[in-house]
């Protein structure tokens, strides 16, 4: 809330995080995963107290500048006066930074993710099995495994969704360990740093395309 | 008609609009939505009198220069002598700038839009429901909604199509509120400014791909 | 055959043609239509005597330089001593430059073109009907038309294929008016200049994708 | 093992190989074939003694630098002290450099390759027949041919897979002549130099897309 708090964050670390997120936005837009000002990304600059640098709301993601980010605390509030409005989904980032230990969080909107979130909506989970690409996810050492991604119903009540997500993470639910989908909305995934989170989104989108195209084969 | 009229338009505003449209053309071509010299775009520089800066006809859209635009009035005529020929579909831009209050208009030709305009031709409307991405359209605040896009039969009689479009807009027809399709031809969408119109085309194309691929699933 | 003959060609025109073809190669490779050193392109520098600047054989098309072209005569032979080997399909370019009046010829290999050449191989023709995008082809003024593209069986006997093509063009066969496919091989299309030929390949590939995806819909 | 051995390799040749592999990584990532730090590539700098320059493990392939490579010997061990860890699949490169005479080896992970490796897993082979694009593979002069690619079960036991691969190559098995797939994992292909290997991966991925999309047609 005070500028003193923001002063605890190294300007160099903040600048590096912003630059990394600007580059990520350009890539995610080019991939078609962050179209029409959708998506939001964050980097955790401090765990205690929680400090996240989150994308400002409503920006075309291929044209972000280092000014298009908001430093927030564990309530999702902007720490600095006069900051742009942070994403409407800021509290999901807070939950992931606080309860899942995420160092970087990427939320994207892809066609294949949207289709799969709908195709498997009734089961509430997408299962990815036996792919070498799963080894890109943190800690996975073999293709001979299954990863589950929870599919949450979509909602505009982000507070309620954040609370449910927090509960499932704290309960050790495997279906929110690497990421999750929101129905006809998008993907959240995260890792200890931005390079790792980028690997997660690339791996999961690759696998979504595999699963989606498989549903189109004769 | 007179250069005096054109002089009412600020050269800086006109240059900014042209530069924005040049950049849009490069993107739309790269996406595959403005191939083979197809498509046309405009920015409204004045509402009263109506002044639109419209793409000249027959240009490859990835190679537009700021000279490839025509300043037109509410009859679709070029205001300045010696201007290049404006798009054959100029009158649709006039209707949208005049009757729909559009500040920027983007007309594109995509594969998915073409397919959907054909798949739903008999019903005359494409319905998009329940997608988070709908929130990119002006004024939509929740995914829990349906957007209808009218599908007009294709025609080379642009005057007749313009008249029908004008009538439907003035009648408050919801199916021409955010955009519309022309059968096996393309999409028109618009917003208050070019950044907003870009968000509309990106969102609608994303949703076309979702709907088109869904029709390909088993 | 003699350098005197080549001297008839303006160095500036030749350089411009080579630069245009270098840029085309970069685009065609990026689109996925000229992969793995496939494809060949030409510009006609003189009609009488026939002089075509054709891509040299075996080059990655995203890395062409202005040295990767061969000036050929109406026998398909290189005019200049020490020229690189021209494409194995050079005689098809000669036929198109001589009998179809082509000023620029683009031969590409695309996935959708390959699939359609196989799906319609038994009928020997691909028909494209009712698309606005057809208006990108030379002389077409309305979507309310049908364009036929012949599908030739593939062969390594280019002399025989060239003779058959020449015969069909001279006979006024509509199915070789805008382009043709070779079975599981690729597309030839042409126009009076390179910009026009680029519009033809973009329009036809767009329509191939439309037709191919339509075959995948439920 | 000693720096003396590494000194046998010309620094210029090594630098050229690293630069070629950096450029390849950028392309392969852009194509979607080397996502999420997956894939590995190598160039053989010496046949006897065997010296391969292999990608270091765990790098995003669109951001390789010339330092992200390891010079290895015929045991797969790094020759120079302090070298980064080479890919876990290094021994497959050794087998190909030693037993298949490969001068450059490209291993990628594509969606279509993954799908086909699964669709034809029970037969253990993918057959590509009658395509002009097959002529991009070394020594193939006509489309009127069939190429077989073995599909190996996936495994984390690279030593066992390498031994089996070596045996099949030495036995003259046609299904490991141009490349092979690993189930739900990826493609290996190779040629006498990096430009040739690039042509192989482009041609095979093109053909994978053809075969995969063909399975999606009605």
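The first chain written gets the first letter, and so on, giving A, B, C and D; residue counts start at 1 in each chain.
Just so we're on the same page, a residue touches a chain if its C-beta (ideal position, glycine included) is under 8 Å from a C-beta of that chain, and two chains touch if they have at least 3 such contacts.
Nothing here was measured: the structure is a model prediction, and the numbers come from that model.
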Cα superposition angle of subunit C on its copy subunit D, in degrees to the nearest 5: 90
Where subunit A and subunit D are represented by their mean Cα positions, the distance between them in whole Å: 33
Subunit A, residues touching no fewer than two other chains: 216-217
Complete list of chain pairs which touch one another: A-B, A-D, B-C, C-D
Touching residues (chain side subunit D, partner subunit A) in the complex: 32, 35-38, 60, 109, 111-112, 114-115, 118-119, 154, 156, 182, 184-186, 212, 215-217
Residue ranges of subunit A in contact with subunit D within the complex: 130-133, 136, 141-144, 195, 198-200, 202-203, 205-206, 209-210, 213-214, 216-218
